[in-house]
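You will see chain A twice below: alongside chain B first, and alongside chain C after that.
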Partner chain A sequence: MSGSLTLRAAIVSVALFAVFVLGWHLATRSSGATSGMDPEYAKLMGATATQGKSAMPGPLDVASKLWEHLSQPFYDKGPNDKGLGIQIGYSIGRVLVGYLLAVVVAIPLGFLIGMSPLMHKALDPYIQILKPISPLAWMPLALYTIKDSSISAIFVIFICAVWPMLINTAFGVASVRREWINVARTLEVGTLRRAFTVVLPAAAPTILTGMRISIGIAWLVIVAAEMLVGGTGIGYFVWNEWNNLSITNVIIAILLIGVVGMFFDQLLARVARLVTFPE
Partner chain B sequence: MTDRLDPRRHGQGLCSCCGSEPADSTLSCESVPSGALSASEQGLKNRVENALLRAILPRAETRRAFLKAVGGATAAAALAEVFPVATATEAFAETGKLEKKKLAVGFIPITCATPIIMAAPLGFYSKQGLDVDVVKTAGWAVVRDKTMNKEYDAAHMLAPMPIAISMGLGSTAQPFTVPAIENINGQAICLALKHKDRRDPASWKGMKFATPFDYSNHNYLLRYYLAEHGLDPDQDVQLRVVPPPEMVANLRADNIDGFLAPDNIVQRAVFDGIGFIHILSKEIWNGHPCCAFAASQAFATEMPNTYAALLRALIEASAYASKPENRKQIAEAIAPANYLNAPLTVLEQVLTGTYADGLGGVKKDPDRVTFDPFPWESFAVWILTQMKRWGQVKGDVDYDGIARKVFLVTDAAKAMKDAGLTPPTSVSKGFTIMGKPFDPSQPEAYVNSFKIRKAG
Partner chain C sequence: MSDFISIEAIAKRYPVRGRGTTTVFENLWLSMSRGEFGCIIGHSGCGKTTILNILAGLDRPSEGTVIVDGEAIDGTSLDRAVIFQSHALFPWRTVLGNVAFAVSSKWPKWSAAKVRAHAQSFIDLVGLSGSEAKHPSELSGGMKQRVGIARALSITPKILLMDEPFSALDALTRGTLQDEVRRICLETGQTTFMITHDVDEAIYLADKIFLMTNGPGAVLAEVVENPLPKDRGRIDLHRHPLYYATRNHILDFLVTRSKSFAETVTDHDPHHVPVIRPGIAEPTLLSLTPPPAADAAVRTAGRHP
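Up next, the complex of A and B:
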């Protein structure tokens, strides 16, 4: 039954995709050439004005452009024009640096907050205020104080990725079952050992959930940050193509951002499955 | 003329330098690919090669016989093989040792930046021994911050920006300089197609317009134009700052009624059938400055040779761009994704001045945008009067002092002379904007002569 469910789901997925592409294709058909236009004038105008071509690209435009990008992902034609593979590589690099910094800060700090009710109460207001700030709001401040755009981008990823991990770690650590801690205490296990052998494994699933949320946020932030800072990365690519009003390339970038984001998410989901335990 | 080796080869145009040189000077002419080499550089290369040849074959008769036997091109090639002629030429061209060769120069992807951008693909930077990365940047504020942070050694800015930065308007104060203007003219007012019957600005009350930046001549010219037609730009219309690429999208979405923007943005709106060109900015003020090449004063004083080389490259690029016959080649060089990332037709229409107006007509105006690097001090004074007029600066303004500190007439004149151009002899000139004369020696009276302005 489950095999046929998967099959049926796949059929529905494909059908939905086909309907979507067909609708897209029909909606972006050109409305036919404009008549009575001076040919000399027409030569100076774009296809939107002369052929009645839709301003939105159709699925075929996107598919052929996507093929073009995928067939040469690593070309490098100077500082402002690099292949999509290189751009995504830059973005992933930045995200990983910012994210790992956030892990290094958030998990120990989360432990501290989770194990000490005093620190929890003391730090809570700061966390609550800093948590909802948008990455774009941090950007000018970062640029102004750090005075280096690539470090600013990494800082913004860090500052946005740190909170979900911090909160989840603190929550996971604080809600380790009292019995387990008490048993450890009865057996006279030291604090440090207790943290690593009892609390960490018990809180690991919650911590991983926080890490999973964070990587999603980091990947969201990178696009915004690179659009502002420019230079390299998939966000810069979107901005550069937006500059040229090339919606085709913007759609391709959106697609790729989604794929990479999904990859990160699935990766952490796998890791999370490794550390879950039955109660 | 025994040593005029192969006269048939001299019809290629680049050899105008050869006629005046003595003896063997025609040697190198055909070994140089057609391209962006200026007459002065060609001459220099010839002289270097001649000197070499004279050193190898000191006797004139032998030299001539040798040249006659093998031909000028072969001789030049043979010479280049044993001796790095290009390096020697470069060494002669340099006036001092470059403190830094790898530079980053920021730009905004608009046709105003043409000299800064084209100098990379057409080799004007490398000719000065510089390795310049021209880096595309997201907006004027980011260009400003990255240049102030020294991530960029120099940058393309709107002409009023270095003045604003030097005065600490909208940023912390840091002394900035304009050793060269990028382009003059090169903007236009674009309106949405639905307004094609509302050509009288007096009827524009309540409309929404976009300009690229507060400290821009786009802003000042649009305000000037509206005010001359009796509209108070702060009361009767809405002006908002919108990054140029978003202007076209906003016009399509009907969020704005029009904009005054760099020509390639305007032409793009026409190209996509969204807007039409109401007037070119040259119809407001023919010969107005638009964008500038800007560097911090610190860069100019800490690395004088690099700064001078960069300036020479830009002045030569400007001179090259000012010639109409080069414009098509330039459009091709700056269109790829690495630079402007724009359709070639659009850039050609801007740079050649044969353009579609968006209403079905083809217009021809070779001065639509042009390139003249001289940073007249009176340009800066006029900009300051408009800053005062619209309340961006308050109180007394030291018009001449600021103009002299920021717009570096002397540096530009020296670089122009080095490039074989004749700089103007005066530093200031008056001009007329929409029929109203501007006297740079009476800035305060000029500000006060406007009826529509921000009180204060």
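Up next, the complex of A and C:
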């Protein structure tokens, strides 16, 4: 039954894709050349006006361009013409650095807040105020103080990734079952050993949920951040191709962003499964 | 001989929002000798768990002290092991891992092999050989409770504390676990303090049964000495001539006297709680100091043949 469900779901998925691509193809195909236009004027106007061709590329255009990108992902012909692989590599690098910094800060701090009611009360107002700030709002401040656009982007990733991890870690640590803590207490387990052998495994599923939310947000934010700071990265690529009016490249970049985001999410989902324990 | 466990005039109060405090119990005295098995029985909410948690060091009394082996206790200790009602096993550890956690907490310097061998011997003791590598989610309720027992015993505590350890189990499993706990406690001379709601369980396991009145303001009303022989068996417990006298005495307390105790017994002395040993014709009074309390005990106990 479940096998046939998977199969049927796959059939529906493929069918939806086919309908979408067909619709896309029909909507963007050329409506034939417009006759009676001055050839000089037609040359000026380009294919869009003269051949009734939509500015929106069709699926075939995108596919052939995608093939082009995939066959040489890492070429580098100057600041405005780099392979898609290089651009996405820059973005992934920034996200990873910012994200790992956030892990290093958020998890120990979350432990502190979760284990100490005093620290929880003392730090709560700051978290409540800082959490809802759009990470991009930090950008000017970061650029002014750090003076390096790449590091500023990393800082923005850090600041957006830190909150979900911090809050989830604190919550997970604070809500470790009383009875497990009591077991550790009756066995006179020291604070450090208790943190690593009881609290950490008990809170790990909640912490991983926070980490998963964070990587998702970080990947959302990096595109916007790179559009702002420019230079390199998939966000900059999208913006640059928009300025080049190459909608084909923009669509390819959008696809790629989705695929990489999914990869990150699945990776953390897998780690989360490893630390989840059945009750 | 001085008592091994001596609870001296403890009280527990909780603040009530708006107006002062509520007293769960106060001026409560209770003592046990080494190697004794004590059971505490009382209605829900009278403060049994609170007493056990204070004994364990997980909770602190608002007043009074608890003396164990000649020393006032301060917090938890590896000398007092607790078996929790909800077994409280770590679900991310295996059976062996759960027991080994306790063993390595007590003897941090032991090698991994020694810890494992020691843990294994207690897993064998509770009859779980072959299930060492299983996680708690793969065990039945009875097996989980066995792991809890193995974990508590593995640190060879001076006192074993159990909060309704078998109440979540079916009757058959409960029976076999009671047998095992009794065998182990008798073999090792383990001092044990247990909470139960099951009168038969108390009569089978306990040497002393502590009867508590209803809360708030609960008191330890009397101590029933188990008149049944040490070599009693669970199956033919009810054939013993003193079984029904004991059972009726406790049940009668729970059904009627625990509610009205505060009104009917005005001269109760919490420091010298009457000790009753149910007999065939009439319960026999063993100790009484001072006289007024003794009168009360004879009067109340004598009503139930």
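As a working rule, the second predicted complex is superposed on the first by the 279 of 279 C-alpha atoms of A that agree within 3 Å, B and C clash if a C-alpha of one lies under 4 Å from a C-alpha of the other, contacts with A are read in each partner's own complex, and residues count from 1 in each chain.
We adopt the following convention: a contact is a pair of C-beta atoms (placed from the backbone, for glycine too) under 8 Å apart; a residue touches a chain by one contact, two chains touch by 3 or more.
These figures come from a predicted structure and were not determined experimentally.
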*After aligning the two structures on chain A, examine chain B and chain C and state clash or fit.*
fit
*Counting only touches as set out at the top, which of chain B and chain C does A:182 meet: first, second, both, neither?*
second
*Hey, in the superposed model, what angle do you get at chain A between chain B and chain C, Cα centres, nearest 10 degrees?*
150
*Go through the superposed model and pick first if A:278 touches only chain B, second if only chain C, both, or neither.*
second
*With the two structures laid over each other on chain A, which partner does A:79 touch: chain B (first), chain C (second), both, or neither?*
first
*With both structures placed on chain A, which of the two partners, chain B or chain C, ends up touching more residues of chain A?*
B
*asked:* For A:241, using the defined touch cut-off, is the partner it touches chain B, chain C, both, or neither? Pick first, second, both or neither.
replied: first
*Applying the touch criterion given at the start, work out whether A:228 contacts chain B, chain C, both or neither, answering first, second, both or neither.*
first
*Once superposed, minimum distance in angstrom between C-alpha atoms of chain B and those of chain C?*
51
*Could you give the residue numbers on chain A that contact chain B in one complex and chain C in the other?*
none
*Touching residues (chain side chain A, partner chain C) in the complex*: 177, 179-180, 182-183, 185-189, 197-198, 201-202, 275, 277-279
*Along chain B, where are the residues that touch chain A in the complex?*
109, 120, 133-138, 142, 145-146, 149-151, 245-246, 248-249, 252, 268, 270-273, 336-339, 341-343, 345, 349, 354-356, 360-362
_Touching residues (chain side chain A, partner chain B) in the complex_ = 37-38, 40-41, 43-46, 48-49, 55, 77-81, 143-144, 147-149, 227-231, 239-246
*Contact set on chain C toward chain A in their complex*: 56-58, 76-78, 80-82, 84, 86, 88, 90-92, 101-102, 105-106, 135, 137, 155
